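Each of the two complexes below includes subunit A, the first together with subunit B, the second together with subunit C.
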Partner chain A sequence: MRSLRVPFLLVMVLFAAAPLYGLLKISLSPPGEVMTAHPTLVPHGITWRHWQRVIESGQIGAPLRKSLLVASGTTALALLLAGPAAYSLVQLPLRWRYGVLIGLFLCRMLPEVSVAMPIAVVFLRWGLMDTALGLTLAHLPMALPVAAWVLTTAFGNIPRDVEEAAALDGCNLWRTLAYVIIPLALPGVIVAALLVWLLSWEEFVLATYLTLGDKTMPLQVYYYLYQGNAFVTAVAAVIMTVPVLLLSALLQRFIRETSLAGVVR
Partner chain B sequence: MRWLLVVLGILAVLPTWAAAEEPALTVTMRLAEAEWEVMRRDILPTFEILCACKVRAIDVPPEALVQRLRAMQQAGRMDIDLFAQDNMRLQELVDAGLVSPLTAQESEMSDSVYPALRVAGVIDKQRYFVPFRPNVQIAYYNADKFTEYDLQPPRTWPELLAVARAFAERDGIGRVLFKGAGGAPTTTQLYEWIVAGGGDPFDFADSGTVATFEFLASLRPYLSPESRRAKWDTTNDALAQDAAFLAQNWPFGVPLLVKDYGKTAIRTYSGWAGPARQAHVIGGDVLGIPVGARNRRLALAMIQFLQSHMVQEALTERLGWPSLRSDIGDSTSEAWMRPHAESVQEALSHGVFRANVGYWADYERLANEAVQRILWRAEAPATVLPPLAARLDALRKRE
Partner chain C sequence: MKWRHHSLTLVPAFNTPRLRSLTRYAGLCLGLAPLTLYLAALTLVPVSSTLLLSLQTPQGDWGLAAYRAIISHYQFGEAVANTLLVTALGLGLELALGLAAALALTERRRALGWVRIALLVPLGVPTIVAASAMRYIFGTVGYLNEVLYRLGVIDLPIDWTGSRWLAVVTVAVADAWKVTPLVMLILLAGLQAIPRQLYEAARTDGATPWQQFRRITLPLLRPAITMALIVRGVDAFRIFALPLALTGRNLPVLSTYAYVEYLEYGNPHTAAASSTLLLLMILVAVAAYLKLAGREEALR
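Here is the complex of A and B:
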């Protein structure tokens, strides 16, 4: 079984990396190399022309900024709201805990298209149309159940003995949370943050309804797709992928299986 | 000190007040990057100077316009003053009560606007829209391949069949594309083929319509396999990747294929005629004013401006757009664009408007079903069409 591990991992890596490679290759290829009956897998020439065109158009900076703002804002708010909720849920019996969580997920069963119009109407009245704050608030109902689920699991994995030991050492609830629980639950918090950030980063339907002029990155990529130029679409898609890769690389060192090993005897 | 605070306070408020005093017009369109550049650099600033106002131009795709207008109407806050919309998507705006009549503008429209184009904005005997940017599908062909196989671009249906057969026999695979993936691309192409065949697109029992489907069935063995997934965007890919040597599409593919992709062997011409005539569905954008628009007066001025000789000439010259005015010739400034602009202008002279019917969505389903069954399941038109004709007849009668 162990001998299959490496080939399996290799296949998985290839599976994940192939679309990214395809995008990057198209974004850097001269048109003649891709727009032919037999495009090659390996690049034979490299051009920065498509990148130059996208960057010089000045149409990528604002969507990138808005998407970063919305995704980061949604993540911060979701963690801030779901964190205490998850910690409270952990105190409940298992049956109740998952009952509440499933209840939260039921909200997600409604298709976004069906709620997008009422949200757009209300946000228009409140002057939140076309704003990063409006989109952040609209993304929250989608992000909260995910964050609550992951954080409940993360907090639930921490043995109660740890909290009791902290109390015996004189920590009050807030100090226990700040110095014991949250550091121990950090991998879960990071996973929750990553998931929520990604959900918000790639969200399209709500963004379509709540945007008039200031596009987000998915809308900008769609704009290029609509124009039909495969090369500039690939460039925009690569630009959209970069923050995801950076964030994942940056945060994955916090995600450790063994963070709870040895905390209780 | 108090003095200074008062002065600073006034200075802080003044720009806001001044900005609030200057009227602002919000216009939505769906344009390509290069088109937006011309619009924002050359066209809109002139209007701002003429009308002493600010113009906020926003890119809104045609499929999203209805939902946005609907949300604004429900919120009681119409933030859009004027929109340019695909003329294939007008009925839904009228049905939803989102667009206000422009009857008074009928008399103000310049006499130079092609009479054929004026028809587009009239629905249920009421004018809701005015022409802005006419468009038609043209035929794209790979000149190198036609030369290599010693063929001429077809001008009639028999020639089209012969060319399709010649490519299929030599390459062992079809090279003529019909947009058969379904949806609007298929319906639009079918519509103009039926008109070219002398049929009534809304009557599948009509002899001309039946003849068109029979011609399509005879073409089936020689069509490019890419036809199954061909829409407006994938048609460009098929031409660029030499999967098809002949296809009809909108002119947006010209700069993409020739300029961006460097496919200089791709040429265009107006296309082929059926037994009755040559026919091209007139697409493109028309202008409309939403119900509840806050700056209707400015929006009307903008309509006049966009239809003016000066603006239409600039758009033709800088972007190669076909003009809605008869007093503007082919003034495309870029030499490589000229033959393509001529193809469009020629096709436009054979333009037909697609009728706006309330049952269009159902009609599209029926038309797509007919194409799917005849082309991809190889069913005989004589079997497929009669039941579909009865369903279509029922739709017509219901309306």
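Here is the complex of A and C:
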């Protein structure tokens, strides 16, 4: 068993990396290397032609903007709604707290298709179809349980004594929040924000139902994929993955920080 | 304690324990209300209206006509079967690979830390990006066929999404690529919670590694495995982007069936009926989980 470990992990790393490598390679390959019965596995030549084509087509700017707007808006609103809820939750008895959190997660397990259809009908009536605001409002229910869960853990890790000390020093609720609670919970807040942002950035089902023409990034990638041009699809997919990789790296750092912080305190 | 700062409590007459706890609970409710109300309005209300819609006919009569219509539709049966097959195969793959990876990574070593980070990368990759990548891997002139050809396994390319069974395998593998890291994380947390002394005691008693795995690791890992199964199972039931992007319309699953019924055929009632059946499947899975998890807790 022991001797199998290194080869197994090597294969797993290869399995994890291969698809991303493939996309990057296609996005930089001359057509002759891909559109053939025997595509090359290692790049023989590199061309920026496909990147140039996607950027000059002007089809990527609008989806990029819309997705950035929706993901950032969802993050801001999710923190705004889940923050007070999480802060209230940690003051409830444990039984209640977990009851509420499990309820939130049950909401998260509902099928998107049965949520999306009525929302689409109502949004069509309200003129929210095809807008960044509408999609943000629709992404929020999916983001809230995640944000609430992470923030509850973050606030729960702060010892009561700290707050009581702040109260004794004459801080009111808002000052305690601004100067004590939020700074102490900051890594957790950042983790919640990153998770929500990533969730909204890649969301596909609700975006499909709530979009007529003004596509988000996932829909644009799907559109390219559907059209069948491998190079353009690969470029768009790589563009979509870059922020994800950056934020994931950040996420790993802050997740480590939150768990470490919990031990040290 | 924290809502004591309410201005009313500065007035001695209002500063009784009873009123203090009242204002406190009012504060807590105020904090929880926006989130709860918003969630209710945008999940419970839509889900209920989908349920009601599924029980109506286009003429506005009540009845099970929509359910009868989809059940007699051959593609619906196929969609249910495909959903279950993709879920079963995907979960099996994810559990096997995730458990093996978690076992291989339990030791805390620097090099393993890097491997773990590398293995976590697919988890963050957007589903549609994963689907695009998989399309070029599983394509007829894709990379998998090329690798197999160079290894001398095949002479002629295989059409990986051509037949239904191969398409199920392809979608399950694509799904496993993205979410095995999640299963690995859950199992890793479970493994690290097992006390080391148990293994030491087993070793002094002369237990083989396989016996240790069977008698210690597996039983103590069961809660983590159940948790991974339910979290992933519910997601797999709802699978949407992967089958759509990988096979077009060739592999209907429940979610894409509902989508096609609504957006292509403009029939909200049958779409609602299939969404509701999907919801039912998820509820059954969650109830089974809660029952299993509850029993395990009672045993401890």
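Rule of thumb we're sticking to: the second predicted complex is superposed on the first by the 217 of 265 C-alpha atoms of A that agree within 3 Å, B and C clash if a C-alpha of one lies under 4 Å from a C-alpha of the other, contacts with A are read in each partner's own complex, and residues count from 1 in each chain.
Everything that follows uses one rule, which is that contacts are C-beta pairs under 8 Å (C-beta built on N, C-alpha and C of every residue); 3 or more make two chains touch, one makes a residue touch a chain.
It should be emphasised that the depicted structure is a prediction, and the values quoted were computed from it without experimental measurement.
Within the superposed three-chain model, A:M117 lies in touch with subunit B and with subunit C [touch as defined at top].
In the superposed model, A:G213 makes contact with subunit B only, not with subunit C. Counting residues of subunit A touched by each partner, subunit B versus subunit C, the larger count belongs to C.
Applying the stated contact rule after C-alpha superposition, one finds that A:M12 touches subunit C and leaves subunit B untouched.
Once the two complexes are laid over each other on the shared chain, residue contacts for A:V205 go to subunit C alone; subunit B is not touched. Within the superposed three-chain model, A:Y223 lies in touch with subunit B and out of touch with subunit C [touch as defined at top]. Look at A:A37: by the touch rule set out above, it reaches both subunit B and subunit C. Look at A:R95: by the touch rule set out above, it reaches neither subunit B nor subunit C. When the two complexes are superposed on chain A, the residues of subunit A that touch both subunit B and subunit C are 35-37, 39, 117, 121, 208-209, 222, 230.
By the touch rule above, subunit B contacts subunit A in their complex via residues 30, 32-33, 56, 58-61, 64, 67-68, 70-72, 74-77, 79, 232-233, 236-237, 240-243, 252-253, 256, 260-263.
On the side of subunit A, the complex with subunit B involves touching residues 31-32, 35-37, 39, 57, 59, 117, 120-122, 124-125, 129, 208-209, 212-213, 215, 222-223, 226-231. Taken in their complex, subunit A has these residues touching subunit C: 1, 5, 8-9, 12-13, 15-20, 22-23, 26, 35-39, 41, 81-82, 84-85, 87-89, 91-92, 100, 104, 106-107, 109-119, 121, 137-138, 140-141, 144-145, 148, 160, 163-164, 167, 172-173, 176, 198, 201-202, 204-205, 208-209, 218, 221-222, 225, 230, 233-234, 237, 240-241, 244-245, 247-248, 251-252.
Chain contact summary for the complex, subunit C toward subunit A: residues 1-5, 24, 27-32, 34-36, 38-39, 42-47, 49-51, 53, 97, 100-101, 104-105, 115, 117-137, 141-143, 146-147, 149, 157, 177, 181, 209, 234, 237-238, 240-241, 244-245, 254-255, 258-259, 262-263, 268, 271-272, 275-276, 278-279, 282, 286.
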